[in-house]
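Letters are used for the chains, namely A, B and C, taken in the order the chains are written, and counting of residues starts over at 1 for each.
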């Protein structure tokens, strides 16, 4: 629990910050009071910064023995009412997958910062590489839906962390912040808003007044809508006797999960896509060629669009801030009647390009611009634009 | 009730012992899924009794339950204990989060030998090292019971199991030695054949401010007893007795009694004599060490400039 | 878009990263320009080769740097170690008017061939800092002063504010003197360049 509110917020105004630090400060502003982590390059600065800052505000920052323990301690803290987060990189994420699935199925909210690096875990591994995008979508055994946000600069690392905590509280699911090795170590000036403004944005952790109600997401029989109650808290009246999101048989033991339960976990997010899926557009009104990007390549794409426009090529940029869930309907609308779609991604597989292919008609060519361990120069994207123009 | 999982019962049942179990509270009777002769029924009843006798509020003692046969203990333990089933081996880590997220809670961890000493060995060691205020039970039946009788890290040398059909050839691990080496401040071992000792140790652990590790030797007849002879553990004693399979609860309990050595006696026995034996008793009760969350509060004081 | 690519290279402990942070602080916090900085981290930042990069955009409307990585050819290169010097080629610096400067430390680098072919200012920084100000840590401030003058990215006021933010109060006066010294070196260098043209 946060006991010292004075130190929680930084002085409003401009601060020069590293991406990882901006993310940590965003978490503190959002009211995070527990961090469990294990050092891994390039996310180490998060645990370093929070182990200094969290005790200052009365929270707790724990360096656990491994990633498995860190994620478990995080959901443990979330169970007793602390807003909790962890930060790691790809190899740590692989270890944590098991528990992420459990947390998603038990609807335990927490925020997960994945500072992506190129994999696997051995060798030279400290370069940016968006290779966890697909893994995040299906992170673990069991069916569930997560929310993943992709910031592109330090300011967004701060802002989107607050948004991530709000999503976690509202929809009770793991929320991922997909940073990367370059963004995490980038120093930029960020603008910290005043305390009052931040507090207006933050959704605090609360117990519902009605302690006898349902504790997991359910479909309201009358309205047919999914209702997600506030997260239960161990040690209070508002907690199930057995914390498991499963029906139970006459002897009290859990029985196999019927499909409604899985439906509820996935659809509670999918039906709220309009609220969750944050997007941004740049000069797409009259665009013939469309760039769809997320994360760092967005920055290069802005420049590529500007240069191409000067040369008379009608290009627009559609930016995904929320990657998962993928908003099919919105993307479908955006890619309509386009000459070509360019998807620059920091990976070879093209996780988002695959999604775009899924919603685009077959005539429209989809051009991937893969790049690994370094990110796109505006000219890389410009080249492709000129090819199809 | 269907579709939401078991709810938190609001009222206390009339019969203090019989109906204070979870299922007793729900249905007014006693039921379990354990095999005949299993020790987990004894353990859960003793657990419930301890809470009833001491008049403690089980809500402050959340139950963190690992994966194993004992997961089904949820039915038999105190009706108002809040229980969470965790992943295999990760219970100590989750308990750490619960304790540090809200230091008013004292987690009680249920774990088996495979859970605590096999897959979760690392978490177990670090739980002991931190001296976090919690109670950890290691239910040691020397076998992987739920998956059908495979060899566990604690399986006795020479015992038969489904993965060691000829005989167990690996040396067993001793959870107590690890806990002592890792720095747990209350360490004890007992068996289900010594229920009063169990209650005594549990009460001490509940009052102890630090990591308490209690290992309980419990019988598994279905997967361990039926396949092994009761001469196990007496290899070096040259006892001329009737040797038979441990295929009933009585035989298994007798074997446990016969195969345990009190800590005071063990001091005068050599390694050969103690081979495949269980040493029971209180190994350490150290109240001088500072508990982890108290230690962390000091850090908070330094960080906030109060010290 | 008026990007400036700045690269500092040296070995760990020379203040490479501090200098880069001072540059970005002056440019972005006090001058209000869009800027980014990256640095070598973990094992690479200790001993051996250490580098830091700063990108500054002089365009006031620019809200962020679109490509946050410094690209060769650089506008300004600060080389402080033998290894960095041997790696450097002429093509690494821009060959334009008013840009493409090299700043290097003559006291730590013995042989620097490229320096003869570009607009280079060599100062025996480590030696001077030790002789004039009593400690080699002031070398950074000398460099900062020289860089401020040569690059002309940020004003002198911004630079002084930055020094106040970075150095402890007890050494502020000495640091300001070192800064002034570096500034004069830079001024002189620019004058000689003008005369040569």
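Here is the rule we use: a contact is a pair of C-beta atoms (placed from the backbone, for glycine too) under 8 Å apart; a residue touches a chain by one contact, two chains touch by 3 or more.
Just so you know, these numbers come straight off a predicted model, no measurement behind them.
Viewed as a contact network, the protein chains form an open path, each link joining two chains that touch.
With every chain reduced to the mean of its CA atoms, the largest distance from chain B is reached by C. One finds 37 Å separating the Cα centroids of chain A and chain C.
In whole angstrom, the spacing between the mean C-alpha positions of chain A and chain B is 39. Between the CA-based centres of chain B and chain C the separation comes to 63 Å, rounded to the whole angstrom.
Put simply, chain A touches chain B in their complex at residues 1, 4, 7, 33-34, 36, 52, 55-56, 58, 60, 62, 64-66, 68-70, 72-82, 84, 98-99, 102, 212, 214-216, 218, 234-237, 239-248, 250-254, 260-261. Within the complex, the chain A residues that touch chain C are 14-16, 41-42, 44, 126, 153, 182, 185-189, 296, 299-300, 302-303, 374-375, 377-378. Residue ranges of chain B in contact with chain A, taken from their complex: 1-10, 22-23, 26-27, 31, 33, 59-60, 62, 64, 72, 74-75, 79-87, 90, 92-102, 104-105, 122-123, 125-126, 296, 299-300, 302-304. Residue ranges on chain C touching chain A, taken from their complex, read 1, 21, 24-25, 28-29, 35-39, 41-42, 64-69, 71.
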